[in-house]
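The two complexes that follow have chain A in common; it is paired with chain B in the first and with chain C in the second.
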Partner chain A sequence: MSDKAILFDTSRCSACRGCQVACKCWNDLPSTLEKNGNPPTGSYQSPMDLNGDTRILISFNEEAGGSKGVKWAFGRRSCQHCTDAACATICPAGAITKHEATGLVTVDDSKCIGCQYCSTACPFDVPRYQEGLRTTVNKCTGCVDRIEQGLEPACVTTCQPDALVFGDRDEMIALAHERADFLKARGYEDAVVYGEDEMGGLHVIQVLKYGVAAHGQVENPQANPVVGLTQIMKPVTGAVTGLTVAGLAAMFVLGIGYKRDKLAYNPETEDTISVDTGQVVKHGDGQDEETVMEHITENLPGKKGGN
Partner chain B sequence: MTNHYCDMQNADVIMTIGSNNVENHPVSSKWVQKALDRGATWIVVDPRYTRSAEMADIYCPIRSGTDIAFYGGLFNYIIEHDLWQHEYVLNYTNASYLLDEQYSFDVNEGIFSGFNEETATYDNHSWHYQVESTKTWDTSEGGAYAWAAAPGVPEFTPPTVEVPKRDMTLQDPMCVFQQMKKHYSRYDLDTVSSVCGMDKDLLEKVYATYASTGAPDKSGTILYALGQTQHTYGAQNCRSMGILQLLLGNVGVAGGGVNALRGEPNVQGATDMGMLVANQPGYLNWPTEYGTPSLRKWCEKETYSDGYYTNKPKFVVSALKEWFGDAATVDNDYGYDWWPKVPKSPDYSIIGSFELMSQGVIKGYFNWGMNPCHSAPNASNVRKAMANLDWLVVADWVETESACFWKAPDMNPADIDTTVYFLPAALIYEKPGIILNSGRWLQWRYQAVEPWDEAKPDYEICDVLWTAIVDLYKKEGGVAPEPIVNTKWDYYVDGKIDPRPVAWALNGYVYDGTECDTTSAAPKTELLSSFANLKADGSTACGMWIYTGFWANNDAPLDPAEQAVGSRVADDPTGLGLHPKWSFAWPLNRRIIYNRASADMQGKPWNPDRVLVEWTGEKWVQNDVGDFVAVSNGTPVPPNDKAFMMLWEQNARLESYGMGDGPLPEHYEPFESPSDNQMNGRQNSPCVRFAEFESVKRGDRSEFPIAVTTYSVTEHWQTGGQTRTCPALNEAMPQQFVEMSLELAEEKGIKNGEKVRVRNNRGEVEVMALVTPRFKPFTVNGETVHQVGMTHHFGWAGEYATGDIVNDLPPNVGDPNCWVPEYKAFLVDIEKI
Partner chain C sequence: MSKGPVMVSAEETAKNKAFMEQMAASGTERYIRRHSKQARWTHGITIIACILLCISGLFVFVPALAAAVGADTVFAIRMSHRVLGVIFVLVPLISAIMAPKGVKHIFKNLFDRWDSDDKKWMMLFFPYLFMAKWIHMPDQREVKSGQRFADGMLWFSGALMGITGVFLLLGTTLFDFGGGVYGVMLFLHDIGFLLIAVFGLAHIFLGAGIFQPYRGTAKLMFGDGTVSESDALYHWGHWARQEIASGENVIEKKA
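== the complex of A and B ==
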């Protein structure tokens, strides 16, 4: 099997969000059962961000302008399935791996130790964590379970207007260029193909009608430099598997969106380090009142400071 | 639809107007985009920038309720610029017909000739044609209408054919074309843009783009929905689309047509089935007390003098035979007297019925498959009316607002004595049956899962009720038992109620050769393949003449897969998306109706790449099933001008005497409007229905200055009974909103995402404000008019997502032709909470 890709053509997307719902159905991901438990968003978009139970969403971005007076740009927020998948590289437990046959980046959550390295490493801020008896990563798997049975990913199957197409990656790229050229000829001069080279080549190829930023995509995405630290940490985590490792080798995130302050924990010195500045923000000798575990968990999703 | 979903790909220009097809009919976007890929242009005309507008090439904002001004301007543009399809209009429409000399339109009064102010109705005498000559039917043996005098056929005097006077030069001032030209000359670009609140240059661009499809080889399609129909002149909006498509030669061609995107999966089926106050199944008119009190009168009034509807007696007698079976004989007029007759008064349409409940006239109510406490206009008035009932039966698959109307926030249960029965009904996936899509396709659906708990399919519920009622009548008698005990109700397979014999009944069959009460081992059927085989002598039975042929395989009468309705062969021999072996399209598997008009007077297709039918010089090639008489008595019929055989003229009507509120569409303002009528001297349609009801509580723009329209979103369906029970859909669209412009929000001090109160005399609701550049204020007659839009899917019932009833706000007034309420344009005020 050659590399596969999902083509997302924003110019064909009607933002019906069948993909969003189909993903939840196929993957048995819950939505709140609390009466009126979904917060108002002031937008057609809901929820506003990915979360532990939401692997894909359609974003709505509107601005005045264009030949019709408004540009209403629909975007796909989900895993882009990088060739150079920083999440897979950094995952200490082998829970996130490249699916050799397709190039998709898949997940075995039974192996996940909840360390959240992947969240920090991802240039697209995609992996989220589902809380339960264990806290495990939850992100788009590319539906490799379906693909192996000859089906298309659930989001693609449900898409009525053919905004999502699944096939060989090179064919999807060719199709994307054909569409971008078509759109340019129809007056959408900012139309562009996204995903051909980013992160070594993505396995979600996008045709962005109004350009990269308008559809909420990342210009020139880069893996978080912390991925380099795996040189230090992987041997440690490799030696001791299981949940106990979570506290000993962890990486936390603070803040929201793409601009998070990244913290890393060095198990050898027990220091907590700011990835961006390199400074030790907490020494491992227990100089403050909180335990290391508390520092780790306070930044997990749903906890104080988490997202 | 005249055409169908797959046909949209053939259009050169697509105009979405009064519809948000991408959101509310998602599958349409697939086919529209195929057209765009081939170079088509897509125009969206809508009060707000929708998800459809985003995908289209041209977006043209329009103030709600001004569509006829928009179309009138387009007619004027087409005529002034000589862009109409000459050969088509001259030969296939009534453009050349001369109107009665008394026909006129008074601009100052805003009325056509024949208006009676007292009754607010028209006498349409002066809208008819001048008569050249008359002909009578030849009912003698061997004559064309010999069947009408055959034994067993009810006695009636055949209609006289009135041959209209025509002027093929189109110069006579009384000809339809000249009258149209005169009528719409007032609809110039400046006036129309001022009425509609449009930019004049953009309006002209839209007109030029759409009018380009008047070239004989081009086709343009119109996609519309409730944005056209739900007005006090909704039927005239639809007429306007028909006129437009006729002027441009777009009816009957691939990629053309007037295409209603139907609101629910089976709303086409519901319409066909006669779920309307004036129609019975198959679009035959219900008997009326005042016009058709006897079968003779019905045949004389309803039977057309010429064209295909000369056969109506065959359809009605076959229908009666299905209703009353053995009890229906020629001696008792096939049971016609047992049919209920629509009275002149009171009015039993949806709006009128609730008024009658308020008055205590209607005391019991079966509420089946609808949720009027939520969906009806002025819904709080509906709830109050229902509180006046002795009993209410609701059949649905969840507890809807109507099933628990006494729990509404504005009701006090202690004050209500209505006994409410709830019958749990199976959902669509829990029963087998037939569903019709907008393109008239009948498709068989198999049952996916068993019904939940005690829920039953509707036909089982009916069977239980019906047999109990009949038993009571048989045991105890009653005031009028005959219609009940004589009704034919025998749709059983091996003793169990079953939809398959119902399918036979709809399809039609030879009466003596078929037993609906059947066994699976030995079914006996003589099903008919065409309604041409129906007889007026009681020898055939047919509940739904337009469906004949959909279930006609007598070799396997109980196997839906062996019937046309179950066929799933996707072949497309012409490449036009006709897919003739995929399901069955009524009538007679015709995919594009009026398809004779796809070829010229010599039978040569206007566009050689889009051949539906073609005359070879010896016979007709029919890529689609021809909608005309192609063969008569075994001999091919050469081309003629009879392209619209469902009308007695067999030419389409640009002007129509058949409408209740005017022979040509004329612009009036909505019942509640933010502006004065600029087109004529009358503010509203002179024939608006129900305006006299006290419950309407008409609002004025001095108090309620903001125009509003209501609409659906793709994530929820109607009153939300199904979709608000799906957590993933609630997550995607958690609540109702009112969309408003940045300008209005600033004026009112409202911020995006805030809760606001929307109110008028009929009610008030709290919803989220969505402040967006997708709504812009309109400039109407030099003044700024604000319009907002609201979704309407939420109510107090349900466990997961609830909200106020937005349909408390629209007025309960209706269109004079079909009583449809005006949900799409009325007045409110908005305040920050």
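== the complex of A and C ==
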């Protein structure tokens, strides 16, 4: 199976939010039953943002301008399924992984340990956590369970205006360019294809009718540099700690058989005396007068004066 | 290894002989009080917490370990990591509040001047670790120069772990610091772990007396806080002579 992608064409989206409902239905994710449980957003957008029970969200953005006097810029807030998925890289439990057959970034929440490192790593601020004592990650899985059964992702299946299309990534990119060119020809100069190269290539390809920012997407997304640094720290810590243990072991082995004279101090004469031999090993409390090299070599086996 | 013999006058030799005979006849040995009970308890609780924190942290740091024990176990370990972290941060803080003079004393020693013996000791330290049978080290004051550096690194990395740990705990419970701040804290926590691992292992190797010349030093923190005259003269010669001469902290125990 070749890499797959979801194509989201904003010019076709009617913001019905059927995709949100389909996602919740397929993945058995509840919505609040409380009256006005979702805070008002000032538009038809609901809820305000992704949350532990909401994996996909249609964002509403209205801007002045355009041929109709207003730009209705709907956006898709959900996992973008990066090729260079920083969340999967940083996940210490293997709960977030790349689905080899499709390239989608999927989740096994039974493996999630709730560290929330993926939230730190994601340049799109996508991973969310279900509330409770044991929080587990919740994000779009790309519906790989459906894809493996020959179905399309739930959101795509339900999309009535065909704003969402699923297929081979190459085909989706070609289709996206075709649509962007069409929109440009119709006077939408800011129309652009998003996701072809971002983060190594996304598996959600978008046709953004009014440009990247208008649809709430991230210009030039970059993974948090910390992701790379933390990955470097693991082998570095292992290597340095291993070297330390090896060094200490060598010191221990070389120290086998070590013995020294018992010492006593006579304050009256200011002499430090070897209890074993009765000899004075130091008089007074002055600073040492030997060189470093003398210290190292004076007692070496075969050297005169060693003790 | 001690330094070779020093020639002294006949009169001094006689006095030393009498002194040694008197010591032997008394049937006792001199010890110097070095660490208070509070210092020993604080050290003990903190290092146990630190070791358990390192072990529990490994289950998040090393993906293979997390995979081996399963998510439920790692979750329980993570929660224990938080409890241990609170102990690791609070116990030294409470102890410091209870004994501000002790804290001042510790930091005064950490940032004490480096005299000729201190510098020489530091230069000889690595050769000594591998050639302890042959190298005698210059005398030291209350805290060896290398000990000041190593203890300083442990203080620093402990503080780094404590501060970043608090940020990581609060960032996943009460506050949202944003991915940038959380990520930097996570990276600094990893740096702190590396430093703790290296300096902690070295500290255990020396402090617990695994290294043969340091045999008996474990009693300083895990015994009654006293050090024998002989060990004190070997490890901290300048300090030992000063203490023995003043007699203030010297006690005698049966040989």
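The rule is short, and it goes like this: the second predicted complex is superposed on the first by the 226 of 307 C-alpha atoms of A that agree within 3 Å, B and C clash if a C-alpha of one lies under 4 Å from a C-alpha of the other, contacts with A are read in each partner's own complex, and residues count from 1 in each chain.
We take it that contacts are C-beta pairs under 8 Å (C-beta built on N, C-alpha and C of every residue); 3 or more make two chains touch, one makes a residue touch a chain.
These numbers were taken from a predicted model, which means no experiment stands behind them.
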Of the two partner chains, chain B (first) and chain C (second), which one does A:139 touch, if any: first, second, both, or neither? neither
Quiz item: Which of the two partners, first being chain B and second being chain C, lies in contact with A:128: first, second, both, or neither?
Solution: neither
- Query: Which partner does A:55 contact after superposing on A: first (chain B), second (chain C), both, neither?
  - Reply: neither
In this superposition, the partner of chain A with more touched residues, chain B or chain C, is C
TODO: Applying the touch criterion given at the start, work out whether A:46 contacts chain B, chain C, both or neither, answering first, second, both or neither.
DONE: first
Partner chain(s) touched by A:68 [first = chain B, second = chain C, both, neither]: first
**Message:** With both complexes superposed on chain A, which partner does A:161 reach: first (chain B), second (chain C), both or neither?
**Reply:** first
In their shared complex, chain B is touched by residues of chain A numbered 11-12, 14-18, 20-21, 24-25, 30-33, 35-44, 46-47, 54, 62-64, 68-70, 72, 74, 160-162, 182, 186
Residue positions on chain B within touch of chain A in the complex are 22-23, 26-27, 29-30, 33, 37, 49, 51-59, 713-715, 726-735, 752-753, 768, 770-774, 776, 799-802
Chain A contacts chain C in the complex at 91-95, 110-117, 119-122, 125, 134, 224-227, 229-230, 233-234, 236-237, 240-241, 244-245, 247-248, 250-252, 254-258, 260-275, 277-283, 285, 287-288, 292, 295-296, 298-301, 305-307
Given the complex, residues on chain C that touch chain A span 1-8, 12-13, 15-17, 19-20, 23, 30, 60-63, 66-67, 71, 74-75, 78, 115-117, 120, 123-124, 127, 129-139, 172, 179-180, 182-184, 186-187, 190-191, 193-194, 197-198, 201-202, 205, 210-213, 229-230, 233-234, 237-238, 240-242, 244-245
